[in-house]
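Both complexes shown next keep subunit A, but they swap its partner, so subunit B is in the first and subunit C is in the second.
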Partner chain A sequence: MLELILQALFSGVLQGGSYALIALGLALVFGTMKVINLAHGELVLLAAYIAYTVESSLGVNPVFAIPLALLIVCAAAVLVYFLVDLIRQDRELNSLLLTYGIAIILTNAIQLIWSADIRSTGSAWFQEPVVIGPLYSMRSELVFFVVSLALMTGLWWWLSRSWYGRAVRAVSSQRDAAKLMGVNPRKTELVSFIVASILASFAGVALFSYGVIQPSYGHVLTVKAFIITVLAGMGSIPGVLVGALLLGVTEALTVTLASSALQELAGMCLFLLVLFVMPNGLFGAAGRRG
Partner chain B sequence: MKTNASIWVLLLVAYGAIPLTLGSNHYVMSLLVAALVIGGIALAWALLGNLGGMVSFGHSAFFGVGAYVSALLTLKAGTPIVIAMLLGGVGALLASLVMLPVLRLRGPYFALAILAYAHIFKIIATEWTAVTGGSAGLSSIPRFPTAFGFDFSGKVGSYLIILSVVLIFALCYRLIRASDYGIALRAMHDSEDATRVIGVNSVLLKALMLFVSAFMTGVIGAFNAHYINFLEPDYAFNGLWVTLPIVAAIFGGYRTILGPLIGAVTVYLIDQLVFKSLIPYGHQLILGALLVAMILFSPSGLVPLLRASVRRNHAAG
Partner chain C sequence: MLRVEELSVCFGGLTAVNKVSLSVGTDEVVGLVGPNGAGKTTLFNAVSGLARPSSGRIIFDSVDVLRAPLHRRAKMGIGRTFQIPQPLHELTVRENLLVAQRFGAGQVDQQKIDEILEFTNLAPKGDREAAKELALTELKALEVAKALATNPKLLMLDEVLAGLETSGKRRFMAMLKELHQKFAVGILIIEHDIETISNLCQRVVVLNFGKLIADGAPDQVFRDPEVIKSYTGADHAGSR
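And now, the complex of A and B:
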């Protein structure tokens, strides 16, 4: 039993890596634009399907799909940005409806192009087991966990050291003050969208290489990313990582101890529990309460 | 005066002309019933958005809960259908109680929390096999009975029931909007902080609007269950039960009462008759595009737009 639980914890942590990448993208865009991109999960899924196409048509490892995924997903995200930017009145409410509409378009476009069948990788190299002591994982899980840690370190470095990263943080915390300091907020918003879609591309390829994908999964991913940002408290990067690991572990434990059908229910209960007990999240600053 | 007269004409057409002329055409009547179901949800959705200032992506949860509660009550406890439908609404209202902590949060949290929340009930309905029949679903749910010598289980009968339900809800919406609560809610829309300062409990008012909206959606869900006599989780909690009403409400204008209804009939009929024949699988893609286009080019919907152009014509003439 103990071994099973340890294994669940391990798998959950590995899964948490990709979850963190998705949630960070959502949180970045919310920070600069105060817009929740409800199509974010669909962008991740788009990257996953590009990985599937590259693998099945060229017969290569899905990793080689990353450049193409980056290109297409970034282009799609830039398009989303310009559409959101066109909204003139009541942006908070209308941006939700707009990105919801884009999510519907993407889900159905994915279904039209790739059909509703469930897809998974055929790469033998990725599916090979890696055994560390009593713990077991697929090679792809381990590889992409390391990749997501590297990306998160890169993101942390970018946000704290580079000019644009600082601009993103400045616009997130005080838009008007940032403007006075010579930061162009619209350019910064666009940059945050692009960085979010870079993270989404890697997460999408990761999801395809160790899991199964289907067109309706994008919606689930958006919900998961949101649950993580609530767990974390908006605007906290270490919080997002902890929230993502927490969600991954909760799901893995539910699958091991109860049933895989209850996986989403467990995440939701965790979410409601945090909302009831700590409405500002585990690491968030005060002030979300109205 | 003029609007009153046109409403009476519309009522006469809806209750008299349509059942008499189209009543024998089963296909058209079933399209109309479905359009009114969507219209009912769109109305409830718009009430929450317009009066409560909240966007919901989870109304499919209330629809499904209402359907299941009413179906189970009539099947297992033998409750009369009318009472079961009302209790279906109550069930949906109870389901909305879980959303209360989210109402205190600012910003987009409500919209996202309810989006996440809608999944829960589908999972419960699928997994709780002993009560809900699981993914196999519930069949032979009782039909509407014969009353006053008229068989309400047929297409025309069902049409008259859903038409009346939707019109009663529209009337309730109107009464709420005109009441003191409505005035407070409209003030809240301008500045929630200022409204709270003068002593309006804004969280309570928002909660009440959520309850009303959930109840209405639950009753519509219950109607649909007795109308089609069959339920399964994938159908009852399908995302379409919220996507179509949102597109309909935005299309017609969600700040008006009739907008969502007119939008629902228009959008649903166009979707079924045109879009579906263009793209049989994935015609929702066009609905998504329609939603995006409406938000970008005419976010207040077509009804206010038409009204404005009529007024302009009057001014010109």
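And now, the complex of A and C:
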């Protein structure tokens, strides 16, 4: 029993890496634009399907799909940005409708192109088991967990050291003040969209490499990312990572101890629990509103 | 340098600024005074780009900036502070200035940053503290420092002394006195305290109910019966 729980914890942590990438993208865009991109999960899924296509048509490891996924997902994200940017009135609310609509269109487009069948990788290299003591994982899970950590470190560096990273933090922190300091808000928003879709591309390829994908999976990912962002209390990378690991572990424990049918429900319960007990999130500053 | 012509700003049916014309030269320190609700901050908002005027013109350095977005006006050299400080909370004090300098002035000059930090008494806080950790006096100083970092030609200060205790106020006054010379910047300052204004400014502009009622040297303006009336509220007692 103990071994089962340990194994669940381990798998949950590994899964959390990709969750964190998806959540960080959602949080970045929310930070600069105050828009919750409900099509974010579909962008991740798009990357996953590109990985599937590259693997099945060229017979290569899905990692080779990353450049193509980056290109297409970034282009799609830029398109989403310009559509959201067209909204001039009540953007925070109306963008929910718009991005939800885009999500539905993307889901259906994916279903049209790739059919509703469940897909998973056929790469033997990725599916090879890696055993660490009593714990087991697929090679792809470990590889992408490390990739996630590297990307998060890169994101942290970019946000704290680069000029556009600082501009993203400036606009997220005080939009008007940032503008008065000469920061172009629209350029900064666009940059945040692109960085979010870079993270989404990697997360999508990762999800395909160790799990199963289907067209309806996009909104599940969006909800997960949303839960994690609220758990973290917006704005800190370590916070998002911890939130993501927490969600991953909760899901894995639920699958192990109860049933995989309850997986999404467990995440929702965690979400409600945190909202009741710590409304500012696990790491949100108390009493300060955005 | 700044010329505001017949500027009006309306919010629904309310005319907050009513056909105001004024100018600020590069080598001037101009006070903007008037009772609460006179439209002073709204005028600042219109010039910096936060409020959309309903008519009139705003000429800065011979360019009509009425349609220019905020960030472009900042780049052109219009700097301002807010009465309620708006720092970039999550960034350190130095980062606040770096962002302002990189995006507002277009180039990074650490030496100038050090100079500004020194001048605004923020040097000890510079690298260590996130802006959200600062006390009110420091936040007010950061407002000025941020604006200075964008390398402005015009600096609009909105009640920088309000809410400070006496010693903080005195230190701030000393800083304001030097500001104009040291950074070669024209200043338009909103302030309630008449003594402060007389002390700092060569010229005073008085607004009342959105209208400009006086423009001239402080000792002259503050003797103007209409100005005195607007301040003591003789005519408008109870109407606010």
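The rule is short, and it goes like this: the second predicted complex is superposed on the first by the 285 of 290 C-alpha atoms of A that agree within 3 Å, B and C clash if a C-alpha of one lies under 4 Å from a C-alpha of the other, contacts with A are read in each partner's own complex, and residues count from 1 in each chain.
Definition applied: a residue touches a chain if its C-beta (ideal position, glycine included) is under 8 Å from a C-beta of that chain, and two chains touch if they have at least 3 such contacts.
This is a predicted model, so every value here is computed, not measured.
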Touched partner set for A:261, first subunit B, second subunit C, both or neither: first
Which superposed partner A:83 touches (first subunit B, second subunit C, both, neither): first
First (subunit B), second (subunit C), both or neither touched by A:275: first
Contacts of A:184 with subunit B and subunit C, given as first, second, both or neither: second
Contacts of A:60 with subunit B and subunit C, given as first, second, both or neither: neither
Partner chain in contact with A:149 - subunit B first, subunit C second, else both or neither: neither
Which superposed partner A:96 touches (first subunit B, second subunit C, both, neither): first
First (subunit B), second (subunit C), both or neither touched by A:176: second
Chain touching more of subunit A, residue-wise (subunit B, subunit C): B
Residues on subunit A lying within both footprints (that of subunit B and that of subunit C): 288
Complex contact set, residues of subunit A against subunit C: 163, 166-167, 169-170, 172-174, 176-185, 235, 285, 288
Residues of subunit A that touch subunit B when the two form their complex: 34, 36, 38, 83, 86-87, 89-90, 92-94, 96-98, 100-105, 107-109, 111-112, 116, 219-220, 222-223, 226-227, 230, 259, 261-262, 264-265, 268, 271-272, 275-276, 279, 288-290
Complex contact set, residues of subunit B against subunit A: 49, 53, 55, 57, 98, 101-102, 104-109, 111-113, 115-117, 119-120, 123-124, 126-127, 192, 203, 239, 243, 246-247, 250, 279, 281-285, 287-292, 295-296, 299
Parts of subunit C lying in touch with subunit A, wherever the complex brings them together: 48-50, 69-71, 74-75, 79-80, 82, 86-91, 95, 98-100, 102-106, 132, 146-147, 149-150
